[in-house]
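The two complexes that follow have chain A in common; it is paired with chain B in the first and with chain C in the second.
Then we have the complex of A and B:
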């Protein structure tokens, strides 16, 4: 017993030594910025002059801004699209590829490819594709005799947000790979037994695959929603929040405040973005995962 | 066991050591050569890039072993402004940089982040090499903490070949004539104007709006409140410019590349930009370049013959307590703003600069640049554009307000209200 305690103490010493670097980094680049962000949210600061305490006026001003309200709504639409469009699509593709049809490895690479291409490059590519004068989307519609459906996809009120969100669906490959890895780890014998019992493919997926990868789906969903909530680049590059303030997201709203040298209000927006993330992701965990999703994924 | 322990200890030290440079950044070794970094927007495809690089290289050769200026390429305009803003907010002003002086960026002058050139400009007549109006515009509370460099001057560009094809003999003098000309252009399949709401400032449309505002409100219009009728009148015409095929289908959401691209390709007949665009159009679209003439805006209100002109780019530098470093910065800036070097930049790129220089008979001036100079000389008055006159929030909102006015059919009065709402 004494020997065990001594060994535990020795291990503890090494655990602490090895944890020091990552703890230092975590405090410097995560804890400190969040604390500073919260502090800055109560200040008025142009980035150059001295700060002054303004209480909660940055928050009241932000909440009172209709563009901010639209930004929250858009962030939630992004999150919903991630949860109910991106993940189901990724799941369907993963289930198909898990059956190892001909060329599945090639298709897996193709679906994953957008994730290794710069987000900026892809946003610019989509912007060009959506161009009403020379873009590929209108060109194909015209070729199909659907000229009446051609439009300024990023410049019209009804189509701008859906067009930006649609362009983001090329990133399903990331979630597809996560789900595929989980699906392919299910023992083949389960399916063989099910086939002997007369289960068709849909029944096999319904009663074997989906329950087995439930935790992974929740994890992928959590990641997708988190990515959607911190959305900035695609919106910034494709519409910059337009037309007529229809497509802004909270990240863009925060950026605009910084560009106007209103760092206090930008920080308050950042705090609200973090809170929104906490609420949405906790809600997801409550609804979809009784226990920790990541833990589930590893079970 | 002993080896494992030793290895573990070594790994721990390595891990800790790997993060140390993050905290030790900024420590400089003593070096006799002073190195100045210049995050520079005039790189890559920019028309001034080649000559600026040449001038910097010449300076580095002349001061080898003493001062070296390193250009940090930053080809994206919005990204460049973000970089400068962030570095200033972090208290780490670049050694040398450029910025647009506006009601928002005037905040850069507060504190002691920027080097104050006020005394330096009085020595050796350096201050007199600049246009004095521009020096005054760059002086806030008696302190000149940035040097005027490039002037923005943006008349209406029009394609004379397309005008001729449409049967238009001369550029319209009034807005009534303008709409007649627009109809004639549309009749031959040419879109009358380039417009855009994209980018951070809706550049082309922002300039159209400013021209219109000058015509309705005169030279002092920016000093008036938002309820002045000039704003609404200018907005009404801007709305019409976005309607009835008077601009391209992609104008809502388009950026400066699209707006300029339409003009260069001959799809639009009228466009607005500054002299810095001469190098671009001359190289990429010689036909459009050759056919281009400049004009003031047709008379929309009480005023006619004005131009939109402002201080476009200022040179700033990081303040320093090190006299040698300060001297090095001043030496370089004197080299860069030397009238002879300014002339080289201006003639090569077509840009108009704040630095005054003499042209000799051997100097070949670009014909389009000459038109710019003539237009400037003939201007009844100059008016700053919206970006130079309003806080950045108003500038951002401008494009969104156009979108609302055109797509949601909001009235010009509502357009003005949108701008007023974001103006503190």
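Then we have the complex of A and C:
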């Protein structure tokens, strides 16, 4: 017993040394930023002259700004479509692939491919897809005899936001892969037993697969919503918030305040973005239960 | 009970199901791949062709689009910057996270679990919220517009995901090897460097791949923390072609294709690692 405590004590010195680099970086790039944002949110600062304390006026000004109201609403639309369009799509594809149809490994690899391509490249690519003169979207619609549906997707007030969101959320790679792995880890004997009992495929998915992968779906949903809340590039590069301020998200709003040297208001927006994330993600946890991933990885 | 009663579904329903299944799979294949192939083909066309014959193959394959894309925007400089940033940020990130993961996966100490949970929870933080703090931090340390600014920032941003991947991998390494090494007089540092690190290579490769791809593709902080050609990365070079008064589509698409090559090549060779890394945490037991 004495030897054991001696050993841990000796190692404790090393443990601390090994943890120092990560801790320093985490403090500088995760802890300090949160503290600094909270502080700066109450200040007025142009980045050059002295700061002055302005109380909550950055927050009241931000909430009073109709562009911010649109931004927060758009962020919520992004998050909702991540949870209710992106994840169901990922789920359907994963359930199909989990039954190992011909070429499923190849399809899994190809479906994931866009996830290694930058959001900048994808944004430019979808700008080409939506281009009113030579874009593929309008071309396909007119080929299908749907000329009346062709339009300037990114330029029109009603279609700009859905078009931007679609261009991002059509890529389900991460979530599909996570859900697929979870589904494939369900023992095959469960399905064999169900088949003997006469359950069809849909019943098997409903009563075996879905209950078993519930936690993984929540994990995927949590990540999808977190990704949706940190949106910036796709909007910035596809519409820059237009047309007529229909498409901005909070990240873009913050970037503009910063570019306009309103650092205090940019910081307040940052605080609100983090708070929105906390509220939405913990709300999800309350409604859908705990996510499987993070805690369990360490068993 | 014979085979016919085992499944209640009739033959037409089965055929319909099969049809629907392949319809979904192939539709989604088209959605995923068509835009990329289309863009890659357009990169070989003239601007006139892109606008007038967007869906035909290039009349003449314009290989010089790539040459002029490089010379007009100085893409090679951005490429070099991106390589330096991605490689060094990944190395720094792997070094610091492997040290920390080693202690978390192989040692007992107070607040071990808390440390791990807090660190990995960083995955969920919207990093873009840190625009102002990162900018002031980097300028305060006189790193603005330098490759070092991006190296440090990216290596820090990737800590949560790397910690998650590497420490779950290190946890799965059997204890016995280390115990016998310790009896043989292996020090703490030697256990890390000589025993666990070599065994953890697959986990390190996965985390390194994720980090490299992230660094290569990152846009916001490259935009915010750099301003000159000497420090900007490839993702910013793509925008160069639209900042003219008229978009040079052919040049831009050629540049995009070139910037996609490194991550796509990495993916082609390491997709198994990427996919297994993603699933490592998601699947229990």
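Everything below uses one rule, namely that the second predicted complex is superposed on the first by the 270 of 299 C-alpha atoms of A that agree within 3 Å, B and C clash if a C-alpha of one lies under 4 Å from a C-alpha of the other, contacts with A are read in each partner's own complex, and residues count from 1 in each chain.
Following the convention adopted for this analysis, a residue touches a chain if its C-beta (ideal position, glycine included) is under 8 Å from a C-beta of that chain, and two chains touch if they have at least 3 such contacts.
Only a predicted model underlies this, so the values are computations on that prediction, with no experimental measurement involved.
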Sharing chain A, do chain B and chain C clash or fit in the superposition?
clash
I'd like to know which partner A:18 touches here: chain B for first, chain C for second, both or neither.
both
Is A:133 touching anything from chain B or chain C once the two structures are fitted on A? First, second, both or neither.
both
Touched partner set for A:168, first chain B, second chain C, both or neither
neither
In the superposed arrangement, which partner chain does A:78 touch: chain B (first), chain C (second), both, or neither?
neither
In the superposed arrangement, does A:152 touch chain B (first), chain C (second), both or neither?
first
Touched partner set for A:111, first chain B, second chain C, both or neither:
second
Which partner chains sit in contact with A:253 here, chain B, chain C, both or neither? Use first/second/both/neither.
neither
Between chain B and chain C, whom does A:59 touch in the aligned arrangement: first, second, both, or neither?
neither
Broader residue contact with chain A after superposition on the shared chain, chain B or chain C
C
Is A:42 in contact with chain B, with chain C, with both, or with neither (first, second, both, neither)?
neither
Which one of 22-30, 184-192, 202-210 or 256-264 is the stretch of chain C that crashes into chain B?
184-192
Jot down the residues of chain A that show up as touching in both complexes, chain B in one and chain C in the other.
14, 18, 21, 25, 28, 133, 258, 263
Name, in rising order, each residue of chain B that touches chain A in their complex.
8, 12, 15-16, 18-19, 22, 81-82, 85, 88-89, 104, 107-108, 110-111, 113, 197-200, 248-254, 258, 391-393, 396, 399-401, 403-404, 407-408
Enumerate the contact residues on chain A facing chain B in the complex.
14, 17-18, 20-21, 24-25, 28, 46-49, 131-133, 152, 154-157, 160, 239-246, 256, 258-261, 263
Residues of chain C defined as touching chain A within the complex
1, 5-9, 17, 21-22, 24-25, 28-29, 31-36, 38-39, 42, 50-52, 54-55, 95-97, 99-100, 102-104, 107-109, 113, 115-117, 119-137, 152-153, 155-157, 159, 163-164, 167-168, 171, 188-189, 192, 213, 216-217, 219-220, 235, 238-239, 249, 252-253, 256, 259-260, 263-264, 266-267, 271, 274-275, 278-285
Footprint of chain C on chain A - complex, ascending
8, 10-12, 14-15, 18-19, 21-23, 25-26, 28-30, 32-33, 36-37, 40, 92-93, 96, 101, 107-114, 116-121, 124-126, 128-129, 133-136, 139, 170-171, 174, 177-178, 180-182, 185, 195-196, 198, 200-201, 215-216, 219-220, 222-223, 226, 229-230, 232-233, 237, 251, 254-255, 258, 263, 266-267, 270-271, 273-274, 277, 281, 292-299
